[in-house]
Amino acid sequence: MPHASPITTDVDFARDGKQFGHLAVPQSTNSAGWAKCLVPITVIRNGDGPTALLFGGNHGDEFEGPVTLLNLARRLRPEQIRGRVIMVPMLNRPAIAAGTRLSPIDGVNMNRAFPGHPGDTITGMIAHYVSSNLLPLADLVIDIHSGGSSMHMLPSVNMHRLENQPQMERMLEAAHAWRAPYIFLYRDVAGAGLLPSHAEQMGKVTLGTEMGSKAQFGVETLGITSRGVDNVLHWAEILVEPPPTGGSGAASQVVEAGDESDYLMAPTSGIFEPLQELGDQIVRGQVIGRLHDIERPQQPPEEIRTESAGILFARRSVPLTAQGECLAVITRVVDPVSTKS
Amino acid sequence: MPHASPITTDVDFARDGKQFGHLAVPQSTNSAGWAKCLVPITVIRNGDGPTALLFGGNHGDEFEGPVTLLNLARRLRPEQIRGRVIMVPMLNRPAIAAGTRLSPIDGVNMNRAFPGHPGDTITGMIAHYVSSNLLPLADLVIDIHSGGSSMHMLPSVNMHRLENQPQMERMLEAAHAWRAPYIFLYRDVAGAGLLPSHAEQMGKVTLGTEMGSKAQFGVETLGITSRGVDNVLHWAEILVEPPPTGGSGAASQVVEAGDESDYLMAPTSGIFEPLQELGDQIVRGQVIGRLHDIERPQQPPEEIRTESAGILFARRSVPLTAQGECLAVITRVVDPVSTKS
Amino acid sequence: MPHASPITTDVDFARDGKQFGHLAVPQSTNSAGWAKCLVPITVIRNGDGPTALLFGGNHGDEFEGPVTLLNLARRLRPEQIRGRVIMVPMLNRPAIAAGTRLSPIDGVNMNRAFPGHPGDTITGMIAHYVSSNLLPLADLVIDIHSGGSSMHMLPSVNMHRLENQPQMERMLEAAHAWRAPYIFLYRDVAGAGLLPSHAEQMGKVTLGTEMGSKAQFGVETLGITSRGVDNVLHWAEILVEPPPTGGSGAASQVVEAGDESDYLMAPTSGIFEPLQELGDQIVRGQVIGRLHDIERPQQPPEEIRTESAGILFARRSVPLTAQGECLAVITRVVDPVSTKS
Amino acid sequence: MPHASPITTDVDFARDGKQFGHLAVPQSTNSAGWAKCLVPITVIRNGDGPTALLFGGNHGDEFEGPVTLLNLARRLRPEQIRGRVIMVPMLNRPAIAAGTRLSPIDGVNMNRAFPGHPGDTITGMIAHYVSSNLLPLADLVIDIHSGGSSMHMLPSVNMHRLENQPQMERMLEAAHAWRAPYIFLYRDVAGAGLLPSHAEQMGKVTLGTEMGSKAQFGVETLGITSRGVDNVLHWAEILVEPPPTGGSGAASQVVEAGDESDYLMAPTSGIFEPLQELGDQIVRGQVIGRLHDIERPQQPPEEIRTESAGILFARRSVPLTAQGECLAVITRVVDPVSTKS
Amino acid sequence: MPHASPITTDVDFARDGKQFGHLAVPQSTNSAGWAKCLVPITVIRNGDGPTALLFGGNHGDEFEGPVTLLNLARRLRPEQIRGRVIMVPMLNRPAIAAGTRLSPIDGVNMNRAFPGHPGDTITGMIAHYVSSNLLPLADLVIDIHSGGSSMHMLPSVNMHRLENQPQMERMLEAAHAWRAPYIFLYRDVAGAGLLPSHAEQMGKVTLGTEMGSKAQFGVETLGITSRGVDNVLHWAEILVEPPPTGGSGAASQVVEAGDESDYLMAPTSGIFEPLQELGDQIVRGQVIGRLHDIERPQQPPEEIRTESAGILFARRSVPLTAQGECLAVITRVVDPVSTKS
Amino acid sequence: MPHASPITTDVDFARDGKQFGHLAVPQSTNSAGWAKCLVPITVIRNGDGPTALLFGGNHGDEFEGPVTLLNLARRLRPEQIRGRVIMVPMLNRPAIAAGTRLSPIDGVNMNRAFPGHPGDTITGMIAHYVSSNLLPLADLVIDIHSGGSSMHMLPSVNMHRLENQPQMERMLEAAHAWRAPYIFLYRDVAGAGLLPSHAEQMGKVTLGTEMGSKAQFGVETLGITSRGVDNVLHWAEILVEPPPTGGSGAASQVVEAGDESDYLMAPTSGIFEPLQELGDQIVRGQVIGRLHDIERPQQPPEEIRTESAGILFARRSVPLTAQGECLAVITRVVDPVSTKS
């Protein structure tokens, strides 16, 4: 292998039982010439069977994944499963410690760094380890995200529309098993390099999520996340017994935001005053918010009108807004049949 | 006057009509030797009558006040009032532009800088202008706050318990006029220097608020804030016609958090997972959340138990938490009669 | 196309009339997970004809280009031209907002980032869009620079000496049309990756400029820039009518600084005291300035002697100087005939 | 003396001859627990006679004073004078090393820190030493300033209008002796604490200057500064022989900018395009420049109109401008007789 | 008391037994509006008797005190003492967490902030609590320092020369009880505001230390510190049994550095190459090191010659040196008798 | 050559005599558009013969190399040698000026940047020049390192175990010639890109060192370094006369740390208290230090136990420690015969 990763680990992926360990990522800093960034990893295995690979903390300002997976790693006992569950609750460990979306060490967005390279700065070096050493072990990949610091989101499981119809159907089945309020189909509008894209391309059953946001972080969104992971592990026949809450919850609604115009960006900087809230039905051209100019208080605020119609699926959660920052995402309900491309 | 403020203004407080202007605060920076920080001020006057002095943006991460007062300043016509309304929607103007609680220029908390001094750094210089030039003009003072970046809060109008019983009664009457869900009585547990404290000591009818937080910022909290300001201006006989929504809303519940033990601080750093939400009834010793240690994922999280009982009135909205940061505030419902000290 | 740009635009390059739009560059920041950096672009088209592509703000501390092109974009009417004028007045938009030469986001010098790659950080991503999507549209390319924050410069239009003689002759003709005081022939002494180099290699008639500096920014240099752009657009038969001031101005003098020794770098750090000014005739070995050592005031300042002779074409405009920073550039007048290599 | 300065010096102010030494200002930093900030000072004495006290570098982005005084300190021989010349060429030594107006250590503007206190942070501690230990030694005080990083200025000697008529007359006489193009009378519009104000209040013949700016820094402004200091030292009968260039130069024009409206501040942020230059005659309401909004290129720039008439005496030298930064200063020629208040 | 501290504590100083608690210092930050800085404090009491008050971490880059006192707080049992031991192992808690001499919050040197004021920024607020609430409780005060990040030091107990002869004699007796290699008498050469100075002025038996440095931090210096504290607690009749190692160690040598010239400061910046080591006997004018100029490698390094003679007691431990930073301290052995002033 | 370096030099490697010059590395900064980073280089040549290439300052917090080579460059006369000595005393010049391990310009570790590329940021651009322009000139390469800011080290000459047995034997012979206390055999545990690795791969006789640390920097370690370089130059038959101290010193002990478990990383963050010192014999499982948790003073410190046995060869020199930082390195004495792989 010409590009072996310099990252090592103290867990044995083939061993039965539960192991708490680390990915040891070499780093050299001004305060420690020789150091390792220790990214926690937990492996639980009980004989042969499928492997689920669960990630939290791909972005460092999204804590639904870390809390759910830290709790799951401590709670789940090997005898409850068949096969294997690998958990990396805080994938971008430096970003989690800083509470920032991007890595504070190299400023890189982990979710645009895939597949990565061993010679990259730390974020790409971790991405490379994931794509070359962890993803090949998996049948099911879950990457738990939320709106983080900047976006209120309706809780959803999400995925791209894939060309591979059987894979797409398996993924939709897995998504429905989660029993989140929404299943969200998206297309990349901002470049490649996502962890889920890479897993999808490897043919894995891959689920992403947007489980609320830092502003919505709480009992309800943590419950949807935690129960959903259990539900999908049971669907994948890894978790043997159905989770106690598995049958609860209504069916998920499938929505899609596939047009550039579904993503409203701030035309100028200002204080964003929302006039609509998540879940509201929006018609095309509706004023969903206003931008107040800090330097010109006498001037009426700029009205933000939608360019498409549908459900207000996400909106900016931070009043202070810079030009170009996303203010809202509009989705439309999709006929489950039409999701077959 | 030995300590005249170097701050000037282009509004004439005695003139009838509506004026948009600025407080011009001298500052010298590395990019401009001679500059003014322009703090917007709006004065609306219609003959003699009482004066209301309204502040937003005392903290730069709290935007309920700025949005409400910017809208009010543009909406309110002189003929709708008797007397005078003075609005400073972004009191800590540099902090509002940065979206930070403290001033980015001198790192000072405006709400601990009163009464200030003309020789202070910029925050204290502005505080001094407020206490020496604006507060003397006022009969009614409203300082609109919220939980800002770090705390979810039940929406409330608030005040200290005052020794002066007639002033206290007038203030409670004004607070009830707001028709916020809660009226919150607090005692300073963290030093002096608050704008409302200073106004109260001058004998003014003074209302503070905690109108949600950055995480809750939205249609509902902005509505409570905007309607409440109208209601109180009408109660003060400044706004002539009753506001259309003035009669709506249930009566406010009066709550109090007067003990040090009502404020739960994080015993160590970690990721805070809340187990209770705002409005929940809490018994003494109840586990309301857990702190997950980032460096020790195998270790069970530390349970956070309350030291008092009552309503969960506020909780930390940011998962990542440093030792000593406030996790929760517990309040108890107070008999309206007992508010007479 | 294997490396499609993730940058999109809302202008239609084939449409007649005037359009103001943006290049929307995807970016993810800690304050907005989903955002676009909006780089303004203006397209004016009137039927078939040549295309001029005009850039300002390649460096963020050079404002002659932005002001000239913002004014031109608003002033120029489609009916005044034949063909097409594409203007990007603030190419390194984040650097312009910061007033810094390098991008404040990735620290990259835009004018060393060509041709760029879609997987680069933001500066290289923009460079790639320019080289793959904009330059192919152009017949004439103008990249307006100045000395920026650090260098006083005699106003000039500039270019490399090219191997391709017909292209070189066309470019000299265009340069003379500008009617700037100087035409400056330079060779790259600090690596590749310049926007003009890339345009030249594509065979475009390419003009760079050094229109004064931040210190010289004013009525005169803005006039030379603005009139020159008009003159060249008329020369290119895009601007139909001759500009009113087109005939004014003396012929340009052609100068060259082709030796490493023409660029004097500070031998040590200190306060630079110039003893000669722009345009002065310098003999070899002349003392053109002195460096005062801040830590050793008693010690005589270090004399800066030239290693070549000619016109003092540029000198450092900032007194405080670090070792290795450029203090002066010496040029020699070139016989117009000899510019044929 | 209850507030003795902790600053010490190795020069003996009473000794004849020339001494180069330092003011040793105690400081404790993270890289050196025990350290001294060494502020250079030169004392030249030749028997009894008047004392001139010369300062440069009160602001760290103004290098006309440091270069002039460093050259003078090395050039001037004791036998050329009668009495004493004390020079502090880089008063705010940390700011000079950083090239910033304000001290990089405490962010303080030295020229608002007078009279200072020994318990202040470093800038006020130095100011206190100047006011308590140096100013009492002086008959003549010169504090050399310029427009620094942000303002183009017509070269001037300046002063306040003083109540004390004999002092004012002596000061005007000294100012005329300088033979700068302008003598500029100003009133403090931005608070107290200036070095010259403090010296004036102590009854000293006090001259300030605005000798161009960082943008104008060069052979001409350094010449006006250097010759002027010599001329005034000769006027004060300290420099025995008339300086060779002393008789040259036209008489200075006396101008004044005494109204708040003479100082034009930017109404909003943007790119400032000047339409007039220094020395131009301006009528009231004239458009002297325009502000281009970076976020709204389609929108016409905001026109900057003067509120008073006279000579354009200073204008902002940096195109990128924040709201409230000074764009221009207008002065009017004053009848020399009328300068007697 | 007009200036009550806003700092609270959960320890009861009058209670018998051992308590671990905190000083809760109110602070408001951009990430937590309501927070407390928790400064650990341990109180051990066993009936009536003298009170020892022990501080570590006055400077945040000196860890001998924190390690010694954290170990002592856990090891010492109430029944081993008579009276009371109060320990604050990390007085400048924010600086300890950052590993910096100065507080990272306000940039203040805790050991120049005494006696402090409740309205100060956090460092002075803590200093005020110490001087108003803790020092009055004490008979014996120990403030454990070392050379921190920048100075190698011979291990010493230290104190000022006091006017009060009986207090001085008690303090010398206590210092000898420590059995450190040296007792160091110093005079303040850099302003007032030290914790030990304030304690001395209150008449307390006060010991400071310089126990090596960050570079020397290790088994030996920690041993001298830990055994010394035990020895002095036994001398003070608080620790009942003599510590097992109490009788070991030679008698301390008493040295003094009372002249400004004993402290050698770097004349210019450079790389400091020491030519002598701690404990070496130095003669006046001896070259003890050299400064290499980074920008002028060809130039011979500047020789650093002493201005006094004696023992090299301290030297800079960091090669990279800025002008004015302390390079060396020379002490002379003092006749124990002569310490009676 | 497709990838020519943009770095130039003013020294002529083929010329006899001594030359002090620079590598001129182009850089563009916000304070100087056109600048060169000047990396000093000294070439001493005396006719034909072998070439030694000596580096210091590969890491900017390691000053043993810079001081030794700056002294050697000034001391060594051409007539003392045969062949050539090329010295680069401060290879990472920007890092040396900052005193940091990594470059302050691009944050890159020079010793992981080899072989580099001309299109890299500055550190890789310098690495590329070394690998393409300097290493080919050399027979003997010495890269002087130490533990820098974070590690105490036993002084050693070091190298990898190489496959090439004759090269390895030559290198061990050279290493023994140094007469350092230890010869340290290491394997890369943290990625590739080292300068010595690259030189070894080119077949050069290559020596690295770990000459103490910033904490140990002083007369002794500088002596071992300086004498060792002389000894090796004499061994290489470049230095003609044996150095006066060449015969002194005992034979070096050969040690090795080849297992991941020989490098102990901090399991959590805290204050590291060492219980063993350099040179101590350690058994497997021995407690060599303790980590004190800053937030939990009551809790016993975490004991650090070794996972291998041998000599404590290095330990962290900074008490404050982050999770994953190296606390200790254990080596074992190797039979000189066994070094033949």
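A, B, C, D, E and F label the chains in the order they appear, each numbered from 1.
Methods note: a contact is a pair of C-beta atoms (placed from the backbone, for glycine too) under 8 Å apart; a residue touches a chain by one contact, two chains touch by 3 or more.
Every value quoted in this text rests on a predicted model; they were computed, and no experiment measured them.
Enquirer: What are the mutual neighbours of subunit A and subunit F in this structure?
Expert: Intersection of subunit A and subunit F contact lists gives B, C.
Enquirer: For A-C, which listed pair, E-F, A-F or B-F, repeats its interface with over half of the contact pairs the same?
Expert: Repeat interface, by the over-half criterion: A-F.
Enquirer: Would you kindly give the rotation angle relating subunit C to subunit F, two copies of one sequence, based on a CA superposition and rounded to a multiple of 5 degrees?
Expert: Answer in degrees: 120, to the nearest 5.
Enquirer: CA centre of subunit C versus CA centre of subunit E: separation in Å?
Expert: 58
Enquirer: Distance from the CA centroid of subunit B to that of subunit E, rounded to the nearest Å?
Expert: 43
Enquirer: State, to the nearest whole Å, the distance from the C-alpha centre of subunit B to the C-alpha centre of subunit C.
Expert: For subunit B versus subunit C, the centre distance works out to 50 Å.
Enquirer: Using the touch rule from the top of the page, what residues of subunit C touch 2 or more other chains?
Expert: Within subunit C, the residues that touch at least two other chains are 38, 295, 318, 323.
Enquirer: Name the touching chain pairs, please: which are they?
Expert: A-B, A-C, A-D, A-F, B-D, B-E, B-F, C-D, C-E, C-F, D-E, E-F
Enquirer: Which residues of subunit E touch subunit F once you look at their complex with the stated criterion?
Expert: 20, 38, 40, 42, 63, 66-67, 70-71, 73-74, 89-90, 96-97, 99, 214-220, 222, 271, 273-277, 292, 294-295, 297-298, 300-301, 317-320
Enquirer: Per the contact definition, I'd like the list of subunit F residues that touch subunit A in the complex.
Expert: 59, 61, 100-102, 107, 109, 112, 147-151, 189-193, 260, 263, 265, 316, 318, 321-326
Enquirer: In the complex formed with subunit C, which residues of subunit F make contact?
Expert: By the definition above, subunit F touches subunit C via 6, 8, 24, 26-38, 106, 118-119.
Enquirer: Across the complex, what residues on subunit C touch subunit E?
Expert: Going through subunit C, the ones touching subunit E are 268-269, 295-296, 323.
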